[in-house]
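Given below, in the form of structure tokens, are the structures.
You will see chain A twice below: alongside chain B first, and alongside chain C after that.
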Partner chain A sequence: MPELNETLATAWQLVAGADARLADIVLLSLRVSLTATLIACVVGMPIGALLAVGRFPGRRPLIVLFNGLMGLPPVVVGLLVYLLLSRAGPLGQFGLLFTPAAMVIAQAVLVTPIVAALTRQVIADEWTEYREQLRSLGASRTRAAATLLWDGRFSLSTSALAGFGRAIAEVGAVMIVGGNIDGVTRVMTTTIALETSKGDLPLALALGFILITVVLVINAVAYAVRGWAERHWG
Partner chain B sequence: MTARRLLCFAFTAASMLAAAAGYAQERFITVSSTTSTEQSGLFGHLLPIFEKASGIKVRVVALGTGQALDLARRGDADVVFVHDKVAEEKFINEGFGVKRQEVMYNDFVVVGPKADPAKAAGRDILEGLRRIEAAKASFVSRGDKSGTHAAELRYWKAAGVDLDKAKGPWYRDTGSGMGPALNTAASMNAYILADRGTWLSFKNRGDLGIVVEGDQKLFNQYGVILVNPAKHAHVKQADGQKFIDWVVSDAGQKAIADYKIGGEQLFFPNAKR
Partner chain C sequence: MRAAWLTIEGLGLTEGNTRIIDDVSLPLAAQHTVVLGPNGAGKSTLLRLIHGLLHPTSGSLGWPQPLSQAMVFQRPIMLRTTALANVMYGLKLRGCAATECEMRARQALARVGLEALATRPARLLSGGEQQRVALARAWALEPELLILDEPTASLDPASSREVERIIKDIAAAGARILMTTHNLGQARRIADEIVFIDRGRIVEQTPVGQFFTQPQTDAAQRFLQEESP
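On to the complex of A and B.
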């Protein structure tokens, strides 16, 4: 791989040169994927907890459904959200297609099942452990779900990170609903796809390294914060 | 929470994000165009000049011509800027476009292995294709209903090659954009029809070079069309028309002619007024 040296050199130049356009692209990637992950957590974590402790008809099929939806293909989500937001679609009048908001929606749809399914697993394990205790305190199932969510908050950060990892890494959905418009909806992954199609493989790979580094830094920060929080409030 | 309320919530949150970012206020039009104009860098050169002159930002979504027209049919663009006359006229006849105006042309080239195993080199595109077919030399097709794909199919037909019969392992239908198809051709050392602009700005050339060029038939006309506001009321008619008027004006045509890669002019303005 003779490209490797060139790739590393390009990556270094991009970072060292503090390329303003690159910074915008990285920031947009982070803004879109973090917002999507936040929405996915707000929606997905309660769903996961209720699936873990609840008793209602259709619960098992729902669990299977959410586990299965973890494998949602991004292009399919992209296409569905595109059809919803397109001017000819049901939500067309809002004019959201080809905006960062459309990308947030698509990624939130993609990530919610992941957060919900992983949350369910975490809470289900806790539920087995604390079930009797919570019952003897007379907690309702909803109350128990809320308690376990709070109790398991440190373990749940991994669910959120898994969701974020999926969001920041996908290209299929944001390409379709964002349109990869320069300066408006161009994010890391769509830039990498674009440079690959221009045949500039070293630049594409260099951007890939930067993306991986950004994701690693975020995970390291999350890990450190979790450790610190556990010591102080654990 | 019901699924509906969840959707509403996600939707509101996302809308607020967009509003907060101030994207709603900017004056812009959306142009659906082809990868050849975007990836060759033409828009990167052209649009800042127009934006400075008009104060209107142009957001380009770059797709194949077929997809670009479909996007406009759904009302997701204000202007289309593409290169497939037959498909463009169909678009107008269906009532989706107001009027087609010719803007510029560039040309296609056949790119292939420098060793030229099929002996296809020359000026004659039809003869070149016949030789590639006769030698069953590897050929990569876009296969994505783009303008370039449509042109390729027309050339095969004109060359008297019935692809349905002749297709074999030598003919690779990749279903991808110009760049990805070139990447495939480079790694397979295959022949491919490409637009000159994308080829010139393409970096991963491997052992490929231009094999056939200069045939009159290889000229590739670009047209620009305003999406019909009668079909889609939200189309930004005034600003879209301003963009069209500008690209066919002297200033716009000069800006197109001025765009060069390595001293070579890529697009030749030929708007009729």
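On to the complex of A and C.
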């Protein structure tokens, strides 16, 4: 298969030569998905912790809702955010559509329920263990939630990671709200989709390599951090 | 006879069809009370009801004067931080200022003999050391009533002795003690009064000397025979 070999060789040259176009796309991907994950953690982790330790009406339906929203189809999120940000939409005046900011918003919406639901699971397990002790010491439920978020910080890194994995790998939402504009809103996944359909396989393949590497490296780092934390803090 | 610091009236806790605590009425007046009884008698549940961790389905607790409380559990629960920060956590929840907090926490750790381990991660300490941190955390709060649920049940004999020494020190500092244990020798050494319960009911409440020599009931007699080595 000479063709495949040629494709692989060109793809490798792009990666090894740190092709400028390639670098821009990779950096934008990382910037958008990391920002979206950060927002999702800031919003989703407290929600998850309160769902785990709180006692308020509607808690159970909310848990079911967040668990269900973990499986939100990215294209539907893209469509909803598109409607919000389009000229005629409620947030149209800010002119965010087809900018990286719109992509961050869409991915944050997609990832927040994932982070919240996974956080709830981690904190609920901790709460079972710590509940009596924390109540005995006089911690309010809000205070207990904050304490457990800090105490579970290493386990929660996995929740954040799952969110990031989802964000960096999705195509549908960023394609719709970003528009896949060359040099502006083109990220790894949208480029792979476009270049493959155009038949420019080397670029698509190079980005595929990088995407997989990024995901693997981040998982490895998180794994190492957890191992260290377990040895260091128990 | 001394005035009771707690009067329990018709206390009951029912879960499903099971009466875990069944119509318990009891004045607690002794300075050091040990609750004895077979497994599943409801000892831990009674302590949790008194501490407020559980709510009774019937009856009431009458406190002539509200007492500040702290509780130590069978299994020490340590946060993922240093021993010192674990002791400080309880103090911070009571709103004490950071520097005073740290000073009191360090004093409490010194009293349980763990000054040297203050900055060590609490969860990596041995079981006995963790229980001593838990005792320091409780002691730092200077409770008027210290409740202990089987504090030495999962410890080796040396750690048990050390924990018992600390409980006596806390008692000597003036705290009322209410605890459960499976160790009859320990009960004898700590208690002024024994409350013996079985199947959620009070069987007898007897001064410690009398309980071990002449228990009032057959149930207590049998219990002592079975539990004695």
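As a working rule, the second predicted complex is superposed on the first by the 208 of 234 C-alpha atoms of A that agree within 3 Å, B and C clash if a C-alpha of one lies under 4 Å from a C-alpha of the other, contacts with A are read in each partner's own complex, and residues count from 1 in each chain.
Convention: contacts are C-beta pairs under 8 Å (C-beta built on N, C-alpha and C of every residue); 3 or more make two chains touch, one makes a residue touch a chain.
Note that the structure is predicted; figures quoted are calculated from it, not measured.
K.L.:
For A:T37, using the defined touch cut-off, is the partner it touches chain B, chain C, both, or neither? Pick first, second, both or neither.
P.N.:
Touch status of A:T37: no partner.
K.L.:
Per the overlay, which chain contacts more chain A residues, chain B or chain C?
P.N.:
If we count touched residues of chain A for both partners, the winner is B.
K.L.:
Looking at A:A108, would you say it contacts chain B, chain C, both, or neither? Reply first, second, both or neither.
P.N.:
first
K.L.:
Would you check which partner chain A:E129 touches, where first means chain B only, second means chain C only, and both and neither mean what they say?
P.N.:
A:E129 contacts chain C only, not chain B.
K.L.:
Based on the superposed arrangement, let me know which partner A:S29 touches: chain B (first), chain C (second), both, or neither?
P.N.:
neither
K.L.:
Determine, under the contact definition given at the top, whether A:T190 touches first (chain B), second (chain C), both, or neither.
P.N.:
Neither partner.
K.L.:
Considering only touches as defined above, state whether A:G199 meets chain B (first), chain C (second), both or neither.
P.N.:
first
K.L.:
Using the superposition on chain A described above, determine whether A:W233 touches chain B (first), chain C (second), both, or neither.
P.N.:
second
K.L.:
After the superposition on A, what does A:L137 contact: first (chain B), second (chain C), both or neither?
P.N.:
Touch status of A:L137: second partner only.
K.L.:
Do chain B and chain C land on any of the same chain A residues, and which?
P.N.:
Shared contact residues on chain A: none.
K.L.:
Under the touch definition given earlier, write down the residues of chain B that touch chain A in their complex.
P.N.:
My answer: residues 1, 6, 9-11, 13-15, 17-18, 21, 23, 30, 35, 39, 44, 59-62, 74-76, 177-180, 182-183, 186, 201-205, 232, 234.
K.L.:
Touching chain B in the complex: which residues of chain A?
P.N.:
Chain A reaches chain B through residues 35, 39, 42-43, 46, 86-89, 91-102, 104-105, 108-109, 179-182, 184, 194, 196-201.
K.L.:
Report the residues of chain C in contact with chain A in the complex, numbered from low to high.
P.N.:
48, 51, 53, 70-71, 73, 77-81, 89-90, 93-94, 121-124, 137, 141
K.L.:
Hey, which residues of chain A end up touching chain C in the complex?
P.N.:
129-130, 132-133, 135-139, 143, 147, 151, 153-154, 229, 232-234
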